[in-house]
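What follows is a set of structures for review.
Both of the next two complexes hold chain A, though its partner changes from chain B to chain C.
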Partner chain A sequence: MNYLQFFDMSAEVSLIALILIVFLYDLFTEGKERRGFHALTCVLLGLHIVLNVCPGEETVLFGGMYQSYAMTNIMKTILAIGTLLVFLQAKNWLRRDDTRHKEGEFYVLTLCTLLGMNFMMSAGHFLMFFIGLELASIPMACLVAMDKFKHESAEAGAKYIMNAMFSSGLMLYGISFVYGTVGTLYFADVPAAFHGTPMQILALVFFFAGLGFKLSLVPFHLWTADTYQGAPTAVTSYLSVVSKGAAAFTLLVILTKVFGPMVEQWQALLYAVIIITITLGNLMALKQQNLKRFMAFSSISQAGYIMLGVIGGNDLGMTSLVFYVLVYVAANLAAFTVINVIEQKSGKVDMDGYNGLYQTNPKLSFLMTLALFSLAGIPPFAGFFSKFFIFAAAFKAGFYLVVFIALLNTIISLYYYLRIVKAMYITPSDAPIAAFRSDCSTKLSLALCTAGIIALGLVSAIYDGIHLYAFGM
Partner chain B sequence: MEFNYTILILLLPMLSFLVLGLAGMRMKHKVAGAIGTTVLGIVAVLSYLTAYLYFGNGRSADGTFAPQTPWNFEWLPFTTNLHIDMGILLDPISVMMLIVISTVSLMVHIYSFGYMKGEVGFQRYYAFLSLFSFSMLGLVVATNIFQMYVFWELVGVSSYLLIGFYYTKPEAIAASKKAFIVTRFADLGFLIGILIYGYYAGTFTFTPETKMLVAAGGMIPWALGLMFVGGAGKSAMFPLHIWLPDAMEGPTPVSALIHAATMVVAGVYLVARMFPLFIVYAPDVLHWIAYLGVLTAFYAAAVACVQTDIKRVLAFSTISQIAFMVVALGVCIGADTHEGLGYMAGMFHLFTHAMFKALLFLGAGAIIHAVHSNEMSAMGGLRKYMPITHITFLIACLAIAGIPPFSGFFSKDEILAACFQFSPVVGWMMSIIAGMTAFYMFRLYYGIFWGKENKELHAHHTPHEAPVSMSFPLIFLAAVTCVAGFIPFGNFVSSNGQSYDIHLNAQVAITSVCIAIVAIVLATIMYLKEQQPIADRLAATFKTLHQAAYRRFYMDEIWMFVTKKIIFRCISTPLAWWDRHVIDQFFNFTAWSAQASADEVRGMQSGRIQSYCIWFLVGALVFTLMLLLI
Partner chain C sequence: MDIHVVYYLVISTIMLFAGIYGFFTRKNLLAVLISVELILNATNINFAVFNRYLFPDVFEGHFFALFGIGIAAAETAVAIAIIINIYRNIRNIQTDNIDELKG
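Up next, the complex of A and B:
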């Protein structure tokens, strides 16, 4: 075996190095030395992003166990950027007295899940994929239960791990069907033996359910709201963006590359899932009062939109999916950063608590409005373009009805996103959240997200650049 | 390229608008005014240079001045042929318009130094003037009908802003809204016309392919006719003229620039621009335009005879004079220089009228500045106090009345000659209207400078001559008015571009001068003296008619009746009902059902993990069954 192959997986190797450094730093420093911990981690993660920003080319290592495309690397970069933004917004929370000692754990666990996602996305074998998935899931449960002395956080962690176990079990069951009917688990060899037999259909659906859990697609979504609400806000935002993006991309790659021969089946499956996911997610979001719960349902319906990029199974869909995730990273993390900072400063996470926010914190309200507009898909913000491209991809693939229903749903989503805007700008309040100044790292996170919301939509070169590396079935 | 610099003619005023608009409030009044004026000065110099170079280049082989397009970039492409461009087109009429606009605009800029001195919002005023100059210049150099439309709307906006300049005055607000709404309403016709034109001619340029036009058949007259509706709105043709008299609420220099010399002739310019198409494909439409022009000219002249507000008199006189130009274009019967005499005459009159009407308005401004009132009753006998204003105003009156050797005589004479060539009836009608023009202008002149002096008022506040910044433009424009008639205009602008030597038609000239002199004498008898028994007796005898004319023949009331009583009641109210009770209710129902179903689906979210797993499993199995069954 050629051990030099390890160096070809540069994204993973540098991530492991990063994890080790952070881990050791956490172990061997104390007191004042830890003051620069946050900055160090962010800088190192930034370095990791810069080192791996080049998309590179397709690499197949270890006899096909590891298989990475240029697009996979782009996706890894996007997710790492998302993680960095989450770290930036988490600083407030990590500096609290009750969480201070867990700072290192948070970084290590988060980076471990990121590593798991990386492996999951560039797996070339079902077992490799499964290991990646579990590596992304199990630390996540710890993260969700990070505030473990809080009732909700512990409950959320428990619910997450139980559901994750259940879905993993079902998925493994599905993978065993694959092995049973095909005799191999290598992605490269499986498609030739796929014919759409009932057992393979069972395998497809169970496999899909496993990733559907991560993506929180209906009906595998029920854990989402409870977990999102209970988890620390930084973790919620990580769950809603990074974890979801990784799962969506993996699903796209595996469906097109591995389940390619069963395209009719999985298109029908997605057809149904997209419609109910978007619609149900939206309907549930309509009446939520708790903002984190609200964002949970909003992210469910957003996942439905992301799936529109998968359903066509072509290169256009892949480009629009990656672009959508990129924009979603900016917009959703902007919203979560605001939610997080307000929660930390005032303890309020209810929509009523936001009443009159514009009077006291106009800049924050404005940025939140931009983020919500982008999420709702109002031009000229990036969210409009990402929705447009993803609709166009599905439309070109011929899924008119789905696109139409998705379009109708954007109108509903506009309503609930604007509810927050209304609360901030219009509804008066006797006791609005007092004016406060955000710290530098929150500001940086917001600035990066806002730049993304504005620039991604206007700089068409980004979309074109991604499209260069896209592939389809 | 020789004319590359012409882009500056557009860019400079725009820049000046941006600078004054964004930073003007931090500047001193004088600085802001100086910026605007300097820019316009440069623009004027460039415009004169352009004219000099363009006409100096000589004619091309076919005896015309070849159109030049120094700038043109594709802005919005639709198909290979159909695209909206932004550019600069130089041809005889656009170059002529450049001169008119930049001259008058520069004079108004200078004049406003004195007139607007100390006003709140002085900088804003100059910013808007720059915006207007930019828009108007962009309109005339448009390379295609759509660019023209874009700038057309921009002049509309600037006009709106400037009419409503004194935005604390309710009348000014009402007038600005009225102007904007009426012209926008007319522009709807323009836009539809453009769309029809674009669809059938396959291009937005002014020179479509002949075969497309032939194939379009009956649609081109419709397109051109609808475009003229827009032109009629801007150029205040009957019955869309109602906004112009009210627009006098704006500062007087603005009236001189926008509502006398430049913007209001945009409709005439539009017809001239589309003239090659009109004359070949829609001569009937052109002639109908002429009849409408005759009606407008007569109506406005009649109303002008009895108004007492001097700016209103000038406003109606403007409407009437623009109608003269429209008639001139409308009576063309062919494209060659002789049959298309009216084209040349109309453009010529546009040129001369811009100068002397701007002079009249600026003079009126000086008078208003001196007596602080628009009403003739506050004036009378002002010749003693304001000699410069008096002489220049008299020159302008003589010009508009058509007395040689002032410029109006030459252009009006050509118009009348063209009318007689078309039909003697139109010719005589227009001659009579020209006589009415002379009459009401001299009624105005005597009313201001002679007649009964309002001694009480003047004792209280002695009228004074205008400052230099105001009297200089008056003198300059008066000089132009004296000599402009001798410009061999036909050598520059004519219907087919070939040189045309203007020769006076002796019969027409003598007739019109005689009519004008009779009218002036009549006005002298009636209005020169302090006591005006004849005028009073006439007003008493024809009381109803006098009253009707004074109330502008109730046109505003008719419009009010049509909009408020008919359109609002019979169309808007039912539509509003439908909107509120059917459409809104439908959406309320949709929203309600979404909310209701939201309550339903929340049942799934029980919080119990066992039920989550069951849903999970059931979902997976249902999907499996679904896939197995299809």
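Up next, the complex of A and C:
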């Protein structure tokens, strides 16, 4: 065996090195030495991103267990950037007295889930995929339950882990049927033996349930709102962006590369799931008062939009999916940074609490407005273009009705995103949130996200650049 | 004489649906956890049986079952830790009382 193969998976190796450094630093420092912990972690993660930013080419290692495309590496970079932004906005929360001693744990657990997502995206065998998925979801349950003394956090953690186990059990049952009908679990060998027999369709449905849970598509979305509301805000933002992006990309790769011969069956499945997901997510978001719960339902409907990139199964769909996730990272994390900093400074997470925010914190409300406009898809911002591309991809694949319903839903979503803008700018309040100055790490996170929202909308070279590496069925 | 493969599959299917039924109806979090374990063990039976009867040359299914057992143990450990945390907070692990988050 050639041990140098390990260094061909550079993204994973450097991430493991990063986890070890952070872990040892956490173990052996105390008191004043820990003041630079946050900065050190962010710089090292930034270094990891810069080292692995080059897309590279297709690599197949360990006899086909590990299989990475250029597009997978782009996706890994996007997710690492998302994690860095989450770390930047988490500083506020991590410096609180009751979480200070858990700072190192937060970094290590988050990076472990990122490692799991990397393995999940570049798996070449169902076993590898399953281990990656579990490595991504078990530490995630610990993160959700991180605020140990708050009952909501423990409740959210319990709901997350129970649903995660249930759905991974169903998914394993599906994989066992794949094994039973095909006799192998290598992604490269499976498609040749797929003919769409009833047992294989059963396998497809069970398998879809497992990833649908991670993506919070509608029949599997019940955990989402509770978990998002109860988890610490930094964890919620990580859950809504990074974890979702990884699952969407994996689903696209596996459906096209492994379940390729059963394209008619999974297109019919996605057809129904997309329509229900977008519509139900939007309708439920209309009546929410708690902002974290509101963002949960908004992220359910965004997951439906992301699935529009999967349904066509072509290279255009893949490009628009990756671009959509990139824009979603910038816009959603900007919104969550604002929610997080306001929660830490004033303790308010309800929509009424935001009344009159413009009078006291005009800059913050302006940035929140930009983020919400981008999420809703209003033209000059990136969100419009990402929605446009993903609609175009599905339209070109011939799914006119789905695109039409998604368009109608965009209008509904505009209404509820603007409710927050209205609260901040128009609704008067006797006791608005007092003016405060955010710390530099929050400012940096907001600056990066806003730059992303504006730049991604204006620089079309990014979309073209991604398209160069795309592939379809 | 060999036992036919169908008997094993019937057992594993019964275990799967008993697990699903228990997951939705049980009120105690530990009982819910046990139901999920039933589902996971049903899949392990499936892997072992498919490997033994249909593809006896390579051990892919057996290894998958082994990894499945290991990962299920890790998940259970985390789940029990969280359940203990809930018990510390409200002195109770009935699902009816875990209803703070709703809307």
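Here is the rule we go by: the second predicted complex is superposed on the first by the 473 of 473 C-alpha atoms of A that agree within 3 Å, B and C clash if a C-alpha of one lies under 4 Å from a C-alpha of the other, contacts with A are read in each partner's own complex, and residues count from 1 in each chain.
The rule is short, and it goes like this: a residue touches a chain if its C-beta (ideal position, glycine included) is under 8 Å from a C-beta of that chain, and two chains touch if they have at least 3 such contacts.
Note that the coordinates shown come from a computational prediction; the quantities given were computed from them, not determined experimentally.
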| item | value |
| --- | --- |
| Which of chain B and chain C A:A272 touches, first, second, both or neither | first |
| Touched partner set for A:Q289, first chain B, second chain C, both or neither | second |
| Partner chain in contact with A:L172 - chain B first, chain C second, else both or neither | second |
| Which superposed partner A:I454 touches (first chain B, second chain C, both, neither) | neither |
| Contacts of A:A392 with chain B and chain C, given as first, second, both or neither | neither |
| Which superposed partner A:A225 touches (first chain B, second chain C, both, neither) | both |
| Chain A residues touched - chain C or chain B, whichever exceeds | C |
| Partner chain(s) touched by A:V53 [first = chain B, second = chain C, both, neither] | neither |
| Partner chain(s) touched by A:M162 [first = chain B, second = chain C, both, neither] | both |
| Touching both chain C and chain B, counted on chain A across the two superposed complexes | 158-159, 162, 166, 170, 225-226 |
| Complex contacts: residues of chain A adjacent to chain B | 158-159, 162-163, 166-167, 170, 198, 201-202, 204-206, 208-209, 213, 218-220, 222-223, 225-226, 265, 268-269, 272-273, 280, 283-284, 286-287, 412, 415 |
| Parts of chain A lying in touch with chain C, wherever the complex brings them together | 126-127, 130-131, 134, 138, 141-142, 145, 148-149, 151-152, 154-159, 161-162, 164-166, 168-170, 172-173, 175-177, 179-180, 183-185, 225-226, 229-230, 288-290, 293 |
| Complex contacts: residues of chain B adjacent to chain A | 591, 594-595, 597-599, 601-602, 604-605, 607, 609, 611-613, 615-620, 623-624, 626-628, 630 |
| In the complex, chain C residues that touch chain A | 16, 19, 23, 29, 32-33, 36, 39-40, 42-43, 46-47, 50-51, 54-55, 60-61, 63-64, 67-68, 71-72, 74-75, 78-79, 82-83, 85-86, 89-90, 98, 100-103 |
